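Chain IDs A, B, C and D follow the sequence of writing; residue 1 opens each chain.
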Amino acid sequence: MPKITPREFESIAKDRVPIVNYLGCSIEEIGEGTAKGRAVYREEFLRPGGTVAGPVLMALADFVMYAAVLSKIGRVELAVTTNLSINFLRRPSPNDVVAYASLIKLGKRLAVGEVDLYSDGEEELIAHVTCTYSIPPD
Amino acid sequence: MPKITPREFESIAKDRVPIVNYLGCSIEEIGEGTAKGRAVYREEFLRPGGTVAGPVLMALADFVMYAAVLSKIGRVELAVTTNLSINFLRRPSPNDVVAYASLIKLGKRLAVGEVDLYSDGEEELIAHVTCTYSIPPD
Amino acid sequence: MPKITPREFESIAKDRVPIVNYLGCSIEEIGEGTAKGRAVYREEFLRPGGTVAGPVLMALADFVMYAAVLSKIGRVELAVTTNLSINFLRRPSPNDVVAYASLIKLGKRLAVGEVDLYSDGEEELIAHVTCTYSIPPD
Amino acid sequence: MPKITPREFESIAKDRVPIVNYLGCSIEEIGEGTAKGRAVYREEFLRPGGTVAGPVLMALADFVMYAAVLSKIGRVELAVTTNLSINFLRRPSPNDVVAYASLIKLGKRLAVGEVDLYSDGEEELIAHVTCTYSIPPD
């Protein structure tokens, strides 16, 4: 069972990373080593051409990955991102962005995961992220 | 001479990437293939422990790199980030973040650069970014 | 249908990237936008502790990705890697390394893919790679 | 003072990473948190067009970074690369490759550095690497 629920995570997140909430990011599902999140579409964050701005995608990816990490280690607030690498693949539609994170390694000191990002309701990846979190000693 | 001034860039940015403006990012200097930017410290974007959130750093880095690219190719709005990789090195102080971008390659199709990020007034890097932009054909 | 067979690819590779052949890398399967390759275990490339050295993994990943790209665009020898990012996840066993590449984007100018690397016969990833190739204009 | 000399490093490397030696890589200078290395040009590693193959650059970068890490922490053989990200910027000449590594962070658990790679005697970067090493607990 995941060590944290979306609701518990949300309450951490409100305190911890207010910017992400501001950007309209939320967590919808948490599994064991996985999480699904969403950035609600907001006209004010568009780029010309009607696409969602890169920083929203990066913020969402980091956030969803954080939920996936906590799903395995519980409420360890001091886990921090050490590396995030994003490939932007296609222009997002003017639509919500949905992100799926899954861990590919959980060690004592480092967790590594991937995040796939989609425009809601579409099939092609708009961006792909790999992300490393550092886990503090007990 | 740079092909764009900070003022011209600012007017593009207001239209083009409103989110970055919202996050309090601005460009202070533009050279030939270089740019300096700043994210103004805002309490509402803090993380616990009083540090500036990762998404602000990523947004600022992307933005400053965009200015460095336009300094060489002029007002080509459709240049887009294809890859951004960030290493978070030290916790930022509760202070403005200052970022210095410089191009390490400018080809016909791709521009690659680095961004160094500091807490204002401090000497140690808080984050380091490499970033690739795709440049559209004429 | 893939635009190149493992045999055709092998003959390109012998000329084109002799180092990879030297390292014992070969391509076993090519699909549409996918490829499977192998680095044969050789005691002389071990690191202490009996694990396969990182450079062998990086060389294999780049090679398999190249096969996946050619599977879609055919024999375009001047496609070149522009970015490769690898996360080393677990120590490889003293055993062959098997790598699976798949494209996540194929544009006119850039191809992006992922490579998963395993010790032969084992289930856990030993390394994960994302890789970008630049495709020359026709 | 660096905690290891090029000669001491060479003797570790011969045992530890024979592949790198095979590829003709050696360390020429070690400073405090810095190192310079070289991959000797060998016709057999060429790619068509007379350029040095990518895997040689990646192997050299990883090797030089390892020397830079040991320059600060001494002979800790179990330090391992966790992430390496390379941008290939220009085609190398048919010539030795020279690489300069420098640490940008040395923590208790992670070391992060950059490596700049040049064709010997030329001024433009051929590749740029960022690299993270995990440092084992005492």
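What we mean here is this: a contact is a pair of C-beta atoms (placed from the backbone, for glycine too) under 8 Å apart; a residue touches a chain by one contact, two chains touch by 3 or more.
Note that the coordinates shown come from a computational prediction; the quantities given were computed from them, not determined experimentally.
Among the other chains, A has the CA centre that is most remote from the centre of subunit D.
Averaging C-alpha coordinates per chain places the centre of subunit A 28 Å away from that of subunit C. Between subunit A and subunit B the centroid-to-centroid distance comes to 21 Å (mean Cα coordinates, whole Å). If each chain is reduced to the centroid of its CA atoms, subunit B and subunit C end up 33 Å from each other.
In subunit A, the positions touching at least two other chains are 82-83, 85, 87, 132. If you sketch which chains touch which, every chain touches every other chain without exception. Across the interface of their complex, subunit B is touched by residues 85, 87, 89-90, 104-105, 112, 114, 125, 128, 130, 132 of subunit D. Those residues of subunit A that touch subunit D in the complex are listed here as 82-83, 85, 109-110, 132, 134. Listing the residues of subunit B that touch subunit A in their complex gives 15-20, 22-23, 44-48, 53-56, 58-59, 62, 77, 80-88, 91.
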